[in-house]
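Chain lettering (A, B, C and D) follows the sequence in which the chains are written, and residue indices restart at 1 in each chain.
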Amino acid sequence: MMRTAVITRVLRMAPDMVTLYFEDEECSKASPGQYAMIWIPGGEEIPMSLSTINPGGESSLTVRDVGEATKTLCDMKEGDKVGIRGPFGIGYTITGDSPLLVAGGTGVASLAPLAEAFVERGVKPTFILGAKTESDLAFRDRLENLLGDSVVLATDDGSCGFEGFSSQCAEKLMDERSFDAVYTCGPELMMVAVFDEAESRGIPVQASLERYIKCAHGLCGSCAIGPYRVCMDGPVFDSEKLREVREDFGSRKMDPTGKIVGVDH
Amino acid sequence: MSQLSLSVDIAGLRLRNPTMNAAGVLGISAPLLKRVYEGGAGAVVTKSLGPEPRSGHLNPTMVIVEGGVLNAMGLPNPGAEYFVSAIKALRAEGIPVIASFFGASIDDFRDVAELLSEAGADALEVNVSCPNVQEELGMLGADCLNTEKVTAAVKEVSKPPVFVKLSPNVTDIAEIAKAAELGGADAITAVNTLKGMAIDADFRRPILTNVTGGLSGPALKSVALRCVWDVAKAVEVPVIGCGGITNWRDAVEFMLAGASAVEVGTAIRERGFGVYEEITTGIEGYLEANGFGSVKGIVGLAQEAI
Amino acid sequence: MSQLSLSVDIAGLRLRNPTMNAAGVLGISAPLLKRVYEGGAGAVVTKSLGPEPRSGHLNPTMVIVEGGVLNAMGLPNPGAEYFVSAIKALRAEGIPVIASFFGASIDDFRDVAELLSEAGADALEVNVSCPNVQEELGMLGADCLNTEKVTAAVKEVSKPPVFVKLSPNVTDIAEIAKAAELGGADAITAVNTLKGMAIDADFRRPILTNVTGGLSGPALKSVALRCVWDVAKAVEVPVIGCGGITNWRDAVEFMLAGASAVEVGTAIRERGFGVYEEITTGIEGYLEANGFGSVKGIVGLAQEAI
Amino acid sequence: MMRTAVITRVLRMAPDMVTLYFEDEECSKASPGQYAMIWIPGGEEIPMSLSTINPGGESSLTVRDVGEATKTLCDMKEGDKVGIRGPFGIGYTITGDSPLLVAGGTGVASLAPLAEAFVERGVKPTFILGAKTESDLAFRDRLENLLGDSVVLATDDGSCGFEGFSSQCAEKLMDERSFDAVYTCGPELMMVAVFDEAESRGIPVQASLERYIKCAHGLCGSCAIGPYRVCMDGPVFDSEKLREVREDFGSRKMDPTGKIVGVDH
C-alpha cells in the first residue's frame, strides 16, 4: 500500500545533494541497507536508500540530483509530501569485529545507518567517506561524531583527505590494517574494485547494488542481475552472490526495456 | 505407493509437472527464468514480447491493494528478436520455454509468432488480454472475431502448440474461448489480470502512472477459477489455469475446474521461487491421498460432479 | 471550524450523509434496515424485489474466499407487493428508502417500478446486474440496448429518481452506463459483484449450490473503483460507488474517482452496523483536514488530477 | 472458508436422533451456544449447534431427523465427511451461582456444553432434560455423570420423570427453589413459556433462538428477528433483547422468501 510521508526538514548536504527527513513508522523499523520507493505525485517513483533509521523517530533520504525525479526531490521544502512504499529488500548483515565501510558519493546514505548499528553493538568500524570534492562529503559531522578518527576522508581531487577514489583509499587501508568484513556502497565500478581487492585478501564483502527498480516486489524482473533481483534478493549482495554475478557486476545491466547494456560508472 | 506421475501433456507439450510462472512475472530475464525452473516449475513463460522494444509505463507501475497486487508495467520488453538468444540459451539447458507475445496488428502477431516459432520456443502464448496498454495492443481478445483472426494468423506460421491467453474483463469469456478454438488454438490460458485501479486519498490522484492496472493475486482467484470453469466447459482443448494461485490447494481447485496445468505469478512475492516445488509436492500428496495416478485424473472432476 | 456539510443530493434525493447499505445486504427485513439507518446510514436500500416471491437458491449460498465473500443468494424476496408495507413503515419513521428491484422482462421491470414508485420509495434502484440468477433475470445489464430499454420503461412509470445498478462483469462498463443514461437514468450505481466461484478440493465439487456466485468485499474494491472511474468519465449523472468499501478512506477514494455517495455491504460482517457512522465521521475528518466544505467538493477530484 | 470434517464416531441418541463426532480445531475452541454450518456435499447446508466442545479434542453435532439434510446426517457413518464453516454466533454468557438450564428436544445439544462449562467454574446447574418420551432423552448419562441429581428429567408422556413440557417442569422448579439465571434451548413456544415465567420472577434469561440461516455472516438478513440477526447477534438472546423482540418471539418468523409466517412450535 502507498503511504504518505510529510517532509519535516531538509538538509542540504552538497550543491546537488539534500537529505529529506520525515516520520514513517515502517521506515523507522527498517534495517540498514533497505530502501523505499518514493513517489512524487504527478511525477515518477524511484528507489532511495534510507539514510537515517531511528526506531520510533525520524527517517531520511539522501538524494543526489541526477534527473527529473531526483531534482524534484532536491527542491522539496518542509511540509511537502511524497508517497512511500517499503522498506524493501535485504539490507546489510552485521558481522565482523573490525569492519571497513567504503562509501562513494550517495553510497554514504545506506552506510551511515550501518555505522550506527555497528556502534550500537560496540563495534567501531573504519569508514571511508569518499566524494568528488570536499563540498560533496555528506554526513561528515554525523560520522565524525560517531566514529571520531575512524572516519577516513577521500576526495577524487584531493581537496580533503586521501586523494583518489574510495576504492583506492580502501586498498591502501587494507594494506595497512587488517579488516574482517568490508561493506561498500557507491558507484558500481568503485564497488567492483573494492570487491576484487577484498577477494584477493579473502575478506568477505557486502555491496549494495543498483539496478532499474520498477515493482520492488520481486515480480517484474526489471532489476535482475544474474539470477537475482536487486529489489528483493538485494540490494545488498554478499561475496558469494557477488562471485555468482561477477560477469554482470560492474559490466552489464538491463535497461528499462530489458536490453542488456554496459555499466559505465 | 502407486506409479504416481506428475507430468502433463498440454497439446503435445510434455512437462515434468503442471506448474509454470505466469507470463511477465520475471520472464524478462533468462537467468531469472532459469531460477524459476530450478525452483521447480515444469516450464517457464517469457515476458510478453512485441515486435519492437518497449520501456513500458513510468513508475509507479505496481501497488499493493486489498487482497492482491495492481500492476501496469505496460509490456516493457526488449523486442522478440532480441530475446531469441535468451530463449535459445534456456532451451540449451533443457528448459521448456513458452514464449508469450503480443502485437499491435494481426500482421505483428503473425510476424512475432513466426520469429519465436523459429527460435525454437516449445509453445507460444498469445497475449490478447493485457489491460494495461492501448486497446489495439492489449485487448484484442475482448472480441470474438479478433481473437479468432489473431489465433488463425498465429497458427499459420507456428510449429509448436499455440496457447491463447484470455482476459477476465469480458462479458462472456466462454464465447471468446470458443473463438480462439475456432481459430485453431491448441490450448487456452485463463486468465490475465482484472482491470482495477488505486487512488491515493492524500494526493487525490490515481497511483499508477497509467491510471488503471491489472489485479493479480488472491483477490483474483475466485474470478479466475470461474473463468477456467466456463472455458473448460466451452472448449475441447486443454486449459491452463492462472490467477491468484498461491498454494497446492488452489492449484488442485483449478484442475478440478478443468485446468490441465497452472501458471503462478504474484505468489512468488510472498512464497519465493520455491512456490513451484511446494505446489507440485502438494499436488502429489493430494493425488496420492485420494488414489489418483496422475494429474490428468483430476482435471475437470468438479465439472462432472454437478 | 467551517460550515462543513455531510449531506448529499443525488438526482434530487437529499440525504443526511453519503452512506447506504448495499442492496440485498440486510434489506429483506425492515427492522434490520431501520438498524442500518440508526447505525448511521444516510438512506437504506431494500433487497432487490421481484414481481413474485422467490426463495432463492438452496444453501450453501455464501462462502468466504480470498479477500472477500462469494454469495449466490439467488434473489430471495417476498415479492415487491408484499414489501410495500415495509417500505411505508420505514418511510413513516423518516427513513429514506431506496427500493431495489428486478424483473424477468421489460414489462416486469415496468410493473414493479410502478408499484414501488406508488409505495412512496424515495428512489428506485434497478438491478440489471445480478450474476446469480438466470440470464433473463440477472444480467440484462450486460447489454447496452437492453439496459437502455429497461431504464426507459422504468422511467416512464417512476416518480422518484431512478438509479441503475451495473455489473462489473462486462467488457465495457462505460458503454452500458451511457446506455442507461440515454434511457433516462438519474444516477448509476457501480457496481454489483464480480462473478466467481469456489471449489472444494476434498469434495471435488463447487461449494455454492448455484455453482457460481458474486464476489464482494475487499477483493472487489480495486475493480469497483475502476468501474466508478470509467462510469463517472462517461456520464453526466451522479454515480453511487459500491464494492469492497470497508472504511472512510475507501469511501473517499470512491468519491475522488467520481462517486457522489457510497453503498457498503460486506463490510458489515466485520465492522458491524457502526460502519456507516465510522465512514461518515472519517469523511468529515478528511474534508475538514483538507479544507473542503462539503462532500461534493471532492467528487471526481482525482479525474481532474490527470 | 469451507473446511472438511471427518466423522470419527456416531452415537444414536434416540430413534430419530444421532450425535456425530469429528475433530476440528476451530470448533474445539468454540463457546457453548455457538453453531456451525454443516454442508452435505451434493445436498444442503444447515445450522447445527455444537453439542460437544472439547478444547483440543472432539466436537460433535446432535441431529434430529426432520427433513432431507438432517436425514442424510442421521444416516452418516464413521469416515463420512461433511463440509463445515464456523463456529458462528454469540453463545451463552456464563453468569449466575444457581442457574437453571431448560432443554427441550434437541435443545440439549447447546445446553450440555454449557453445563460442562458451569461445572468447570465450580457451579453445578440444575438441568431440566425434557423430551417427548423416555427414549428421546439425549445425553442423559453424560449429564447425570456430570450433575448427579441436579438433572431433572421431564417427558411429555410421563414415561420418565416429570410429566409435561420442560417449561412446565421449569415453572414448578422456579416455584420450589430460587435461581439467579435461566438458560433455555428447545422448541420456541417452550422457550417463550420459560421466558415469561422467568420474567415474572425477575430472573434473567438466555434463550437460543432459531431462524432460517443462509449466509451465517450477518449479511443476507434471512435470519432476522426484530432488528437482530440470529446468525450473528444470536443465536443466544438475553432478556433485554428477548423483550425487544417479544412481538416476534414465539409468534412470527420469515420464511425463506422473506414473508412473515407464524411460529408453530
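By definition in this document, a residue touches a chain if its C-beta (ideal position, glycine included) is under 8 Å from a C-beta of that chain, and two chains touch if they have at least 3 such contacts.
In this text the structure is predicted, and so the values were computed from the model without any measurement.
Mean C-alpha position of subunit A lies 37 Å from that of subunit B.
Subunit B and subunit D have Cα centroids lying 50 Å from one another. Subunit A and subunit D, compared by their mean Cα positions, are separated by 65 Å.
In subunit C, the positions touching at least two other chains are 65, 198, 200, 203, 205, 305. Within subunit D, contacts with two or more other chains are made by residues 42.
Chain contacts in this assembly form an open path, with each chain touching only its neighbours along a single line.
Contacting chain pairs (ordered by label): A-B, B-C, C-D. Those residues of subunit C lying in contact with subunit B across their complex are 65-68, 70, 142, 169-172, 194-201, 203-206, 211-212, 215, 218-223, 225-226, 229, 244, 246, 249, 252-253, 256-257, 286, 298, 301-302, 305-306. Only residues 24-29, 31-32, 34-35, 47, 53-56, 58-65, 69, 71, 73, 76-79, 82-83, 198, 200, 202-203, 205, 207, 209, 265-266, 268-269 of subunit B touch subunit A when the two sit together in their complex. Residues 1-2, 4, 37, 39, 41-42, 44-46, 81, 83, 85, 214-222, 224, 226-227, 229, 254-259 of subunit D are the ones touching subunit C in the complex.
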